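For reference, the structure I am asking about is given below.
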Amino acid sequence: MDDAARLLAVEDIKQLKARYFRCMDTKDWDGFADQFTTDAVMDVSGEMGDEAGGEASELGITRGNQAIADFVRNAIGDVVTVHHGHMPEIDVTSPTAATGVWSMEDMLRWPDGAPLGEMHGYGHYHEEYEKQDGRWRISKLRLTRLRVDFA
Amino acid sequence: MDDAARLLAVEDIKQLKARYFRCMDTKDWDGFADQFTTDAVMDVSGEMGDEAGGEASELGITRGNQAIADFVRNAIGDVVTVHHGHMPEIDVTSPTAATGVWSMEDMLRWPDGAPLGEMHGYGHYHEEYEKQDGRWRISKLRLTRLRVDFA
Amino acid sequence: MDDAARLLAVEDIKQLKARYFRCMDTKDWDGFADQFTTDAVMDVSGEMGDEAGGEASELGITRGNQAIADFVRNAIGDVVTVHHGHMPEIDVTSPTAATGVWSMEDMLRWPDGAPLGEMHGYGHYHEEYEKQDGRWRISKLRLTRLRVDFA
């Protein structure tokens, strides 16, 4: 790939991740599902410990873009959420494959009466991307944490 | 436009928005005014409800780059502010026109004795840009909110 | 430089700064040192007032990439830290030199028993970069603050 093609892939992947965040926080679940490949794997197993206290799919690993959207909607569909990504390190390894690391921050506020109140967390996404039919999508997402606070 | 020209426009618009934030938070109001077209429209009408409680221009819509800078200076000139933009989705629709969505976070701390104490908010900017005389500027800005907290 | 070369430099510098943050927050001190030129200068003298209350190198100015890594490791090696950069304004002034301004936010949580509890700050990095042997590194870093809170 020449420089312009590689830079275009990097920018397209940044905008893909922007849609991921925007669809999640505005609860556009069809849009959210469309940011993943049909065989995508989401690994948030690190969230599933005693501290997180959340409802978990088996081990926090979910396969398939529709199952991922269902899992996330089930977890935060009625939660006011703010998710921000920062400082991407995107490596385009071929014209149709790339990896990325993103710094992240999330703020969750559960509705009144829910068992949880508020969460504020920080960490990194470790991701893989594939280009299919001219569009980049997330094929793998794994979340690690630097810090999580509950209130 | 070829890929390099489109990517250059995207980067130029990112730096335009960076100046917008930096001028606002460092209170460089001449610099701030210069980031908008002379006929720019800022729509923060969503801020003008009972909750925001702020002083409002009529309906929160301000027209013209100098009026926009005056409006913002009047609102936050003596407030310690931190504004951050994240995850831009910039679409260059012609060599001189573009649209963008940005995730945002703002933290305001009013001076001692002011009617308000602190505000911490999250939302999205929905923007339009125009290139005039070789430089991109904001021609339209509308702010929507995910969450706003007062303390 | 043509547009593609300039944009590639900008993206490379963004990824350099991403490694700076990731290495600092994951405590990869060899990786952290490698993001600076051997003669780099870090100026955090603004942190060294009474308010910061921190242990300081003379005047907060540190010279040399290894000394910088040692200084930062000494300051925050056992502190849970989250550092985010935002809204870069990177100006590539030659094929091997560039300047940049970044908005930043940092959250520090000291271990139990430490004299300090938590810090949450906001400000800007003012930086210079050099390309040596095909890789961009930070040659100068100066931190200014918009707001710092202790808890």
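A, B and C are the chain letters, set down in written order, and residue numbers restart from 1 in every chain.
Operating definition for what follows: a residue touches a chain if its C-beta (ideal position, glycine included) is under 8 Å from a C-beta of that chain, and two chains touch if they have at least 3 such contacts.
Please read all numbers here as calculations on a predicted model, not as lab measurements.
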| said: Only C-alpha atoms count here: how many degrees separate chain A from chain C in terms of the superposing rotation, rounded to the nearest 5? | reply: 120
| Looking at chain B with chain C, do both copies bring the same residues to the contact (over half shared) or different ones? | different
| query | Can you give the whole-Å distance between the Cα centres of chain B and chain C? | reply | 27
| task | Name the residues of chain C that each touch 2 or more other chains. | result | 4, 7, 86
| query | Of all residues in chain B, which touch chain A in the complex? | reply | 2-4, 6-7, 10, 86-90, 101, 103, 105, 122, 124, 146-147
| remark: Note: in the complex, chain C contacts chain A through residues 4-5, 7-8, 11, 14-15, 17-19, 21-22, 25-26, 80-82, 84-86, 107, 109
